[in-house]
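I have a structure I would like to understand better, so I am pasting it below and will then ask my questions one at a time.
All chains are identified by letter, namely A, B, C and D, in their written order; residue positions are counted from 1 within each chain.
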Amino acid sequence: MMSGNQLGVLFSLTTFGEAHGNAVGGIIDGCPANLNVDYELIEKKIKARQTANFTFNSQRKEPDKVEFLSGINKDKTNGFPIAFIIKNKDVNLSHYIENQDVLKPSHAHYTYWKKYGTDNALGSGRASARETIARVVGGCFAMMLLRQLGIEIYCFTSQIGNIKTRKIKKPNRNIIQSNPLYCPCTTTYEKMMDYLQQIQSEKDTIGAKVSCIVENVPIGMGEPVFDKLNADLAKAMLSIPAAKGIEFGSGFRAVSMKGTKHNDIYNTNFQTKNNYSGGIQGGISNGEDICFSIAFKPIPSIMQDQQSIDTKGNNKIYKAGGRHDVCVVPRVIPIVEAMTALVLADHLLRFNAYKNTIV
Amino acid sequence: MMSGNQLGVLFSLTTFGEAHGNAVGGIIDGCPANLNVDYELIEKKIKARQTANFTFNSQRKEPDKVEFLSGINKDKTNGFPIAFIIKNKDVNLSHYIENQDVLKPSHAHYTYWKKYGTDNALGSGRASARETIARVVGGCFAMMLLRQLGIEIYCFTSQIGNIKTRKIKKPNRNIIQSNPLYCPCTTTYEKMMDYLQQIQSEKDTIGAKVSCIVENVPIGMGEPVFDKLNADLAKAMLSIPAAKGIEFGSGFRAVSMKGTKHNDIYNTNFQTKNNYSGGIQGGISNGEDICFSIAFKPIPSIMQDQQSIDTKGNNKIYKAGGRHDVCVVPRVIPIVEAMTALVLADHLLRFNAYKNTIV
Amino acid sequence: MMSGNQLGVLFSLTTFGEAHGNAVGGIIDGCPANLNVDYELIEKKIKARQTANFTFNSQRKEPDKVEFLSGINKDKTNGFPIAFIIKNKDVNLSHYIENQDVLKPSHAHYTYWKKYGTDNALGSGRASARETIARVVGGCFAMMLLRQLGIEIYCFTSQIGNIKTRKIKKPNRNIIQSNPLYCPCTTTYEKMMDYLQQIQSEKDTIGAKVSCIVENVPIGMGEPVFDKLNADLAKAMLSIPAAKGIEFGSGFRAVSMKGTKHNDIYNTNFQTKNNYSGGIQGGISNGEDICFSIAFKPIPSIMQDQQSIDTKGNNKIYKAGGRHDVCVVPRVIPIVEAMTALVLADHLLRFNAYKNTIV
Amino acid sequence: MMSGNQLGVLFSLTTFGEAHGNAVGGIIDGCPANLNVDYELIEKKIKARQTANFTFNSQRKEPDKVEFLSGINKDKTNGFPIAFIIKNKDVNLSHYIENQDVLKPSHAHYTYWKKYGTDNALGSGRASARETIARVVGGCFAMMLLRQLGIEIYCFTSQIGNIKTRKIKKPNRNIIQSNPLYCPCTTTYEKMMDYLQQIQSEKDTIGAKVSCIVENVPIGMGEPVFDKLNADLAKAMLSIPAAKGIEFGSGFRAVSMKGTKHNDIYNTNFQTKNNYSGGIQGGISNGEDICFSIAFKPIPSIMQDQQSIDTKGNNKIYKAGGRHDVCVVPRVIPIVEAMTALVLADHLLRFNAYKNTIV
């Protein structure tokens, strides 16, 4: 499928739905039969994406509710496509219609207008964060599959503005889950909250860096050359709205490192002393934790009027309106987890296809 | 094709060949008919990748020669698959055989061994930089197609170790092409050369950052949601050996930026005052220059003995041997250009497929 | 997507839904923006597939109703995925549950049981004709696109049992549409109706042959080698439940023909005197009518008890139950049309992608 | 890859090369590592496709020789792409150049001209039977993989002109291999040879029907809905030059059969008494022999002058020239086997991917 609404080949997710349409949803295909459906996981992750009661987020009154239309039989997957929908409520187009002819800065408004025509640029429906809810549902099924092998994914906030968490080898998952920012350090969490408060009071938004760790990945996942595991993860992460960059293991620090320092030396148990490689060598998992970080830009929807132009090129003010999140964190966290799970589930099935074929 | 040796769907490149086998090569498919084949471009880019006469590179005596087997008729493409091979000469397996049972640190040796079996890990043939020659040839055909629309790609070295080029809006292409490091600043170039000299004398290697700019991209290329232009570029770049990260436009700097600063404000000619977006909005080109940077790690092959283990887990020394490059720059430059061209050519044909369908 | 629930790459349809689940539906992706949605066409084709009031069909009381969830804006396509659902009503599992452990002869029951597990074989949900409703909806959008170029598809019944329509070059579309069997000859239609009456009274079912003609296909659609236009049509037709064979142009008659007779000789207007080629040469449309016929087996669900075995291999009777169609005709007609439209729409976009690239 | 030169996704073959270019060849990708390469099988099948010494075939003086460029290590597959070339010798374009402007009846000449331009229509290089040599090589590797599970494929000639072999349940493989026509009946073989002699003396060509049987297919291969095993086989077979139709099991005879007769009744060992289903139910293998037949048209290249037109629409004679085969049989036999093996190998890996995932 080439219109870009599908990810994965053996384990795939196709999403549909505009932010201001009737519903968003998707089809998960290639999920093996007889997997127990963990509805609690789905509900938890959907809520985590929504975070309706977090101070610095815009709020939708009603929680999102996932309806499954197919692919599940007696609370187990049946091997057929799992279709699901989430109805859109509280749809309010008034702000968009009011600003319809004024280009929204740093937003898909202009590119959608040029690619699909004026009418279809309204609210830039597919570019909206609303679409990501389908990714979270798809990711939950991927996680259910990965858990069978003990693979675990967790994400945390490593930076907001200039406030960074200390570099630690293994963040404490309990601390991460104990605060709404998924921050692995309690002191930093408090600083971040204060900073978000300040940004909000300035009617501004701020960027963030999110990190992801995957544990217990079997050795050998990923393909050489073009479908390297890091290449496919990079594509998945850069497909998240507002993502500006990704780095694996040492990442951009590697630019100023020497080989003697950067090379990961083996212990006699085949594990490496350091993990600058980020768990991937030659595009293939090496059994160490896979780790990477993603840079997110400040959300372009701000609570201030902005200088802009209209579709005819006249100077116009793009008016502030609606309520907006101050930062992609924490809502982006379950999305990063989901995208990671989707890529790994697809590679797991590829791994199965070729594995043990020759006795 | 799911073994990961293919990139692109409408304009695709499939590569084959192990570093120490008979030949490397590839098939370019989906290249439209009746395009003039620019053999000089191919020769120039192949040479740029080989840089046999650059001081800090390992040297192969004979230049690589591309033989075309199909897809060309009277020096024009004929619409059919373009198959090409480059024979491997100077193949010397002695160093690899000598070290066969000792794991090479930060190298695909271990992951290939576990995934394909001992014999097939030798030299980790597909993980070798040798494979990238096919990417360069494929990229040349992509460039020939892109040139029809005036699209131009150029890459430069923005950092080696801690030596950075000054941030400038538009690097001077003449300067870039005037020095073997593709450095956009003459003074920085000299510093970088001195530094590479120092690293070489230390028998070490060093990381680098490479930047890429694409000019004259039509508005509307790229697909929303998963196949965003930046997502597909990220995948392509992370598939280059030694790549550790990628960032678009503002990149990781966006993490500490506020929305009021980061938002790209429009001029009345629909161009933006800044280009923190890196030429892509909502995954779709907006007509500004596409710009991104890639982090490369220091080459893991160093001229020193390294502590390691053998395939049984015993401590062993991985011995220094052969000649190795000091840095991925400058050889990686034509590879980055090629991968960029391949992604854009594929998206150009996708763009054509949907464009102007409805009158 | 490799679980087989998707057809097409540039213009694609993904279907979901088990016959006895909540809903069936699909996602149409790659449909260009700004195409007027012809709701009447959809309703007409859905009704044609349902034919609730045709004498020899099983009957569902309520007409199927298509709900669109996305991809449509002001009655035009907006370039985004078009998701739709048709709720399942009148779901009655009692007959299936009663016979759950007895293998249904010539039915997907056994293969689904072995592939997906016992529970998921119940009613063999995805093998049911119910799934084809999503194909009909998808096909309507493909037709809307094809009509822009004047491409027209029509299907007719060429044989039921041993009753054949006379071989005529160009069947009369008015006659085809004037009778519920889509028979191009009024006399044959009456014979067929009598025959179906007889088969029904025997509590049996009967096979049929359906033919399809596509007019005004532009020259040059289809790709050489593997994705020949006839190859892709063959795949699409053989994916229809109960299809046993397909033939293009002369088809199986070609086996006993000589080259001097079979070769299609050109008139000076580049059209051919005969059309044994069926409108396709070397896998590429040549501007003549595309024509092919499909063999369908007698429906395996019959109104008689049948000898069978249970899942443990014991002899058992598979009991007659429910109401069943006597023949795949006429309900299969809109499905054949839809599958034809889907293949052609996908190839049309491929054609666009490569066409006119080089000036 | 969408230019149609690739078949399969997990086990894939990409072919290249024009009949009158330097070489033909291909890349086999996704072949698992550590499979013994059976060079004798390859040589045998290549010879069978060439049949240089068969009376009724055109003759190339030198046998085709396959060179492997990659993917093989110590006579085993190494898990990487297997690239191979077969150089074109005896290339003689004189007949084509002489007739360049006269359309060759029932040939890809016209469609290639319109799709790729005049120059690229010469000899219609990719439509030539020469391309199929790469399919045979690819098919051999697929067979090597399938043999691990005991899967066996064999093909025979079931009809030439009006001369048919008697319908028998299980043709004798020894007889098939004992005569150059792969005819399962010695008496029929002699009649066929006489008939071919007669056709040749008439300077004409004749159609043929080829049948294929696959034994020991595991239950559960194939996907429901669009990627049914029969659908994928149909596509593969119709991609063979000169193929006009395909039928599975009962095939076109099913049109005149009743359900009570056609339904395959189970024995208590889960095998069926008849096999009208052709080994596939609901698109999934049921453990019975897979069987299908393909109709081939008479070869359009005949040894007589033919009435035609030139590229300007003037009446012209297309002159007889060169030597041509009298019938696609026997050279098409190894091609049918190869295409069958390629489809099954791809589905085998898909089967592996999903199988046993959930414990």
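One rule holds for everything that comes next: contacts are C-beta pairs under 8 Å (C-beta built on N, C-alpha and C of every residue); 3 or more make two chains touch, one makes a residue touch a chain.
The shown structure was predicted, so the numbers you read here are calculated from the model rather than taken from an experiment.
Without chain B, the rest of the assembly holds together as one piece through touching. Computed from the mean C-alpha positions, the centre of chain A lies at a distance of 46 Å from the centre of chain D.
In terms of their C-alpha centroids, the spacing between chain C and chain D amounts to 26 Å.
Residue positions 2-3, 5-6, 9-10, 15, 30, 33-34, 79-80, 115, 126, 224, 350, 353-354 of chain A each touch two or more of the other chains. Contacts between chains leave no pair untouched here, as each chain touches all the others.
Of all residues in chain B, those touching chain A in their complex are 2-7, 9-10, 15, 103, 105-108, 110-112, 114-115, 124, 126-127, 131, 159-162, 199, 202, 204-209, 219-220, 222-228, 230-239, 241, 243-252, 254-270, 276-278, 281-286, 295-302, 304, 306-309, 313-315, 350, 353-354. By the touch rule above, chain A contacts chain D in their complex via residues 9-10, 30, 32-35, 79-80, 145, 148, 224, 349-350, 352-359. Those residues of chain A whose C-beta lies close enough to touch chain C in the complex are 1-3, 5-6, 8-10, 12, 14-18, 21-25, 27, 29-30, 33-34, 68-71, 73-74, 76, 78-83, 85, 115-117, 119-120, 122, 125-126.
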